[in-house]
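Chains here go by letter, A, B, C and D, matching the order in which they are written, and residues are numbered from 1 within each.
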Amino acid sequence: MIGHGFMGAAHSQGWRVAPRFFDLARQPVLQVVVGRNAAATAAAADKWGWEESATDWRDVLTRDDIDVVDIVTPGDTHAEIALAALAAGKHVLCEKPLANTVAEAEAMADAAARAADRGIRSMVGFTYRRVPAAAFARDLVAAGRLGVIRQVRAEYLQDWLIDPESPMTWRLDKELAGSGALGDIGAHAVDLTEFITGQRVESVSGIIETLVSERPVLAEGVGLSGTAGTERGTVTVDDVALFTGRLSSGALASFEATRFRTGRKNALRIEISGSRGALAFDLERLNELEFYDATAADTELGFRRILVTEHDHPYVGPWWPTGHMLGYEHGFSHQASDFVAAIAAGEQPRPSFADGLHVQRVLAAVERSSDTGSAWVPTAP
Amino acid sequence: MIGHGFMGAAHSQGWRVAPRFFDLARQPVLQVVVGRNAAATAAAADKWGWEESATDWRDVLTRDDIDVVDIVTPGDTHAEIALAALAAGKHVLCEKPLANTVAEAEAMADAAARAADRGIRSMVGFTYRRVPAAAFARDLVAAGRLGVIRQVRAEYLQDWLIDPESPMTWRLDKELAGSGALGDIGAHAVDLTEFITGQRVESVSGIIETLVSERPVLAEGVGLSGTAGTERGTVTVDDVALFTGRLSSGALASFEATRFRTGRKNALRIEISGSRGALAFDLERLNELEFYDATAADTELGFRRILVTEHDHPYVGPWWPTGHMLGYEHGFSHQASDFVAAIAAGEQPRPSFADGLHVQRVLAAVERSSDTGSAWVPTAP
Amino acid sequence: MIGHGFMGAAHSQGWRVAPRFFDLARQPVLQVVVGRNAAATAAAADKWGWEESATDWRDVLTRDDIDVVDIVTPGDTHAEIALAALAAGKHVLCEKPLANTVAEAEAMADAAARAADRGIRSMVGFTYRRVPAAAFARDLVAAGRLGVIRQVRAEYLQDWLIDPESPMTWRLDKELAGSGALGDIGAHAVDLTEFITGQRVESVSGIIETLVSERPVLAEGVGLSGTAGTERGTVTVDDVALFTGRLSSGALASFEATRFRTGRKNALRIEISGSRGALAFDLERLNELEFYDATAADTELGFRRILVTEHDHPYVGPWWPTGHMLGYEHGFSHQASDFVAAIAAGEQPRPSFADGLHVQRVLAAVERSSDTGSAWVPTAP
Amino acid sequence: MIGHGFMGAAHSQGWRVAPRFFDLARQPVLQVVVGRNAAATAAAADKWGWEESATDWRDVLTRDDIDVVDIVTPGDTHAEIALAALAAGKHVLCEKPLANTVAEAEAMADAAARAADRGIRSMVGFTYRRVPAAAFARDLVAAGRLGVIRQVRAEYLQDWLIDPESPMTWRLDKELAGSGALGDIGAHAVDLTEFITGQRVESVSGIIETLVSERPVLAEGVGLSGTAGTERGTVTVDDVALFTGRLSSGALASFEATRFRTGRKNALRIEISGSRGALAFDLERLNELEFYDATAADTELGFRRILVTEHDHPYVGPWWPTGHMLGYEHGFSHQASDFVAAIAAGEQPRPSFADGLHVQRVLAAVERSSDTGSAWVPTAP
């Protein structure tokens, strides 16, 4: 595993726990964590139960006892590491967004396609696809329970920047993060839309904006934020992204990604409206899915709150009895399980680097639209 | 109409509005309001659009131009007025609770039965039966959508007495009110249970209790409460009633009526659990009914929130388009409409005085149970 | 009152009920209903309790016993009637949208301004401003409880057109309705945003679209829809409008108006995010307002569900005790009460025709933006 | 760890994960799982990552390399194992209910008290105390934010027995389970009430009942239930328990435990009403706590939905950023962490065996009350 921030903890938990609940064809070994700071990396390896730590990821790629490389660094380093790992014949799991630029993502998707021909697997870490409610939503759409999809509303709302004195972190620096709310969380909204509907966003019109452009630099990190230092830095990424997309079927999808929706902590929400039904999901209530069956009698119409904790719901079987809740990090166990299963089966897992590239193209098109007065921009190359 | 408190305003609105939306076989005329204080009564008549006011209800009963007597006084006067009105050949609508004692209620039910033989109609004012969601709940039960009823939970939660300095009103005086939370709001929980399930509460075990037994006397009334005077009075009614009832079918129903559930303003809630489905209703969201269809596929089980505003829902048709909400007082229009319809059709309306008597017996049984260490007490005479 | 459709019923109820609860300086008399079809108009007058009916509104305007003209016809006739009524020295209440074109609305606002100099009052019927929760939301913003407003999301979601065989009504004919979802319900979203924030939408970028362009003609109307005939007609208005607006303060507001959000019946929702707090409102739960106080301790942050039924909430005092719900049509009583109060006080009521004109300009700008590839269009003339 | 059912999986996950997030003074080693069936136990040990398996728990107690014994067997075996383990000088964590009879529980609490004098720690597994929202609720009560507690409503609602053909499991056999809904889930409702309020239930009146007394025997277990065999067995435990308790302060608490509340999957709910505020919690939304501050301005009163995912909430700090949800099994990690901390600090952890004994006495008193016509029964010995 390359990197050891918040995502490192989540991925470690995924690898650790997956084999205890899911029957994996191969047993993952938590071998080595790689980071630039030797002491911090060693501490992380010890804390999270990895065998070793290292400071040079290139060295690690040469090792025969490493089969899988899990990339959890900031987006600016994804391409270089992933390309090298694929070249070295390692299966690669890469955190989202796939890369900070479309060009990098194209190179990665291209390399992944070629690697696949040699049996090397790659996957991008849109874990919210693996929340049982989201996977079940996709199943309902695929089964035709929504009929023709008429509209989609997808939003990812947070509020951790509403205080203008909340400090800079690497997530506010375009060099490191590539993008702000758009790439960090808007990417999830786009991916979830494409995953559940089975459609692509083909063109977009929108606007991105930085609401607070100067903040104190970070003194010490706590959670996604931290304590403020005395100097000030310039925010170079967007705080808010509002855009409309045209899906493959012609339906309109409206998107919002923001770190300024006061009171909303982690509200990745999607509502899909079809001719025969509708679905609504909110990550803040991740064990629930609301389903509306428009074919019911007029007097019995209503959104029903399904607790997605039944044995037959996706991913739920190996966990707890009905009504016992899963949490945020369970998606990482599902991801680890699915990735191992794909490697063992010799099949291409989803979301592929090509899927990740497509999301990247959507994000780039939104930026281009914003730069050109919200003109409609196609997402195809 | 005899009486002109808060219920007088609600009944007036019911009589005024009903003919504007419902096709009534006879047109109600708001003729005369009766009250002890001539000036206050005249002001109420003027305010609410009645033709006249009067101070002696006995005089009014002798008038030929009065067909219907609507009793909205405190419970201690219900029996005397209703008996006289029925004797005078007037149709009688009487606010709940029917009376302050079972003996009075028995006399009233007896008189009502005899009057019915002469074509004189009587009804007791459990208006919450006429909230569309409650009427629709009854329809679902009657249609077998819940299967065998296994359990009922019915509660009426308010919090207007949590401040120990909140003043005495007539509702806290046993002489006038007959009972506290039990009779004022618990009566609604019992009636709604019997209405929706179509069953009777046949025996009860429970406890009633006064949590704050001394309060300032009332200086001036505002809403259900008012401002405090300097003297203190003794609360002679219960603040809280907790009881379990056995229904006709043998199922257990658990009840709570309280003015001390902090934060709950007017939460008359009922949840009915059956072998094929369940229903949940909350008066604080009176346009909604939650319905759970246990016959759905395992993965699609869930309470569905039905907006009870469709044209085909009970009482809804003559009002507004789908999704346009009704309020508290609409039940009084439905009550007026139903009462007029029953009079015109020569049929006995429900809830009858016999229904009201039964509720009264349940309340009395709860008091007796509370007095005897929560022993089980039958509700039959 | 000119017109006698669904809005006629609502306005009649407002005029009838307002004086029974609010102390009005002048007593409204429900004098005459005007409609083209003599029999239907007479029936409506009788049903709703008006003294007379008439077929020629011009005649009515010449009568000395008419002080107020209430216009509830489709939008294409608003301008002609309102201009004539103002010229005749009548106070005018006009349903929204103010007119079907900006030019008409300009003429009306101009006439209203001139009439105001002669003491003639005019108001446009955005009644949702008068839902207590909405008025209280404005009060909280005005009191600074939200701090600097960072973002607004306003949406009005319905689903009565999801069935492609649902028939044409006048609301789907541009000649009569002027606009579809945008003008019918989007107008409310815009007005409510401007009302609560106290800001104007200064420019917009967006798209409007017709999802089903051919439908059966209407055989008989029921609610907002009706039964289908055998012939087919062309839908000439939009089904969906998605747009982003820039407010006076520079904050971004994102809007949606649609008749295709499956399962949403009448969901006019607004969420306002500020530096110190946030508000969320949903017309489907119109007695509630969610308020988030961002200045609370970190561990105690949360949206609180306020039941807007307290004596001290706007408009609530004269109604029922705490926890007793109001419904859709109560806003019409508040509107009647406010209009009479303004006339009596010789003050200009809000929303004025100028306010209505501004909303009209926003709608026109959205149409222009949609026609020009979602380019940003200013709303100023 | 003795036992390897559903609770074994949860405890294993707790021991595995706790040291990866919490700084434990001593590192737990998952040494040996004990079960009667050698093959099944070995499989469980392998699956859950334990070093060894064994079939005789007495042997294991003699081992010097075992410091802690974790008992997750059915309740009928708790006393024997725990007494032996304490005698052998092992720290003991015992699943709830502490035992199947009060006599057993008394012996265990007595042994635990004596062991504590020798530095041996013991704890009973009411893990729901360690859901962050529940721990935070206790903090709010302890800080006086609720004022004087007036009423408590605690209920644990499930529905997995509504189908009369749902099969027998050991949980329906009094010999093994000791009790039905009362002991299995009612115990949690009682413990949570005592934990959050800091008070004891001192007397009770109630009823327990078996609604379906004959069921097919179990063929194969799935979740809490399983598939039905052809023979039939007799249910010897209660399906439903309804009881009222008197707390130390004199306040009344009303309880319900049931496996027949259709549509409720795992709804452990508690609402505490006080003179200054109220709290509501529902395990089906375990990351949320509703808090009502009755000292707010009248117009701003309301239950606020707190996402209990802030860094400063109990147990949350070492996990994920704000807004990232925890699940059911996180309570087991918190339990493991707290137990290790208590052992290392040489302090008595809570809930102690004495706490578990008290809950047992409450349950026994409910059974006695039910047997004596719902008479009030003290819980003191």
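Keep this in mind: contacts are C-beta pairs under 8 Å (C-beta built on N, C-alpha and C of every residue); 3 or more make two chains touch, one makes a residue touch a chain.
These numbers were taken from a predicted model, which means no experiment stands behind them.
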Weigh B-D against C-D on C-beta contact pairs and write down the one with more. B-D
Label of the chain whose CA centroid is most distant from the centroid of chain B: A
Distance between chain A and chain D based on Cα centroids, please, to the nearest Å. 35
Chain centre separation in whole Å, for chain D relative to chain B (CA means): 41
Compute the distance, rounded to whole Å, between the mean C-alpha positions of chain C and chain D. 54
Give the residues of chain D that touch two or more other chains, as numbers and ranges in rising order. 292, 301-303, 307, 311
Sort out for me which residues of chain A touch chain B in the complex. 136, 290-292, 298-307, 310-313
Complex contacts: residues of chain D adjacent to chain A: 6, 9-10, 12-13, 16-17, 20-21, 47-49, 158, 160, 222-224, 265-267, 283-287, 307, 309, 311, 320-330
Considering only the defined contacts, which chain B positions touch chain D in the complex? 146, 150-151, 153, 159, 162-164, 205-207, 209, 211, 240, 242, 244, 252, 254, 256, 258, 260-263, 271, 273-275, 277-278, 292, 294, 301-303, 373-376
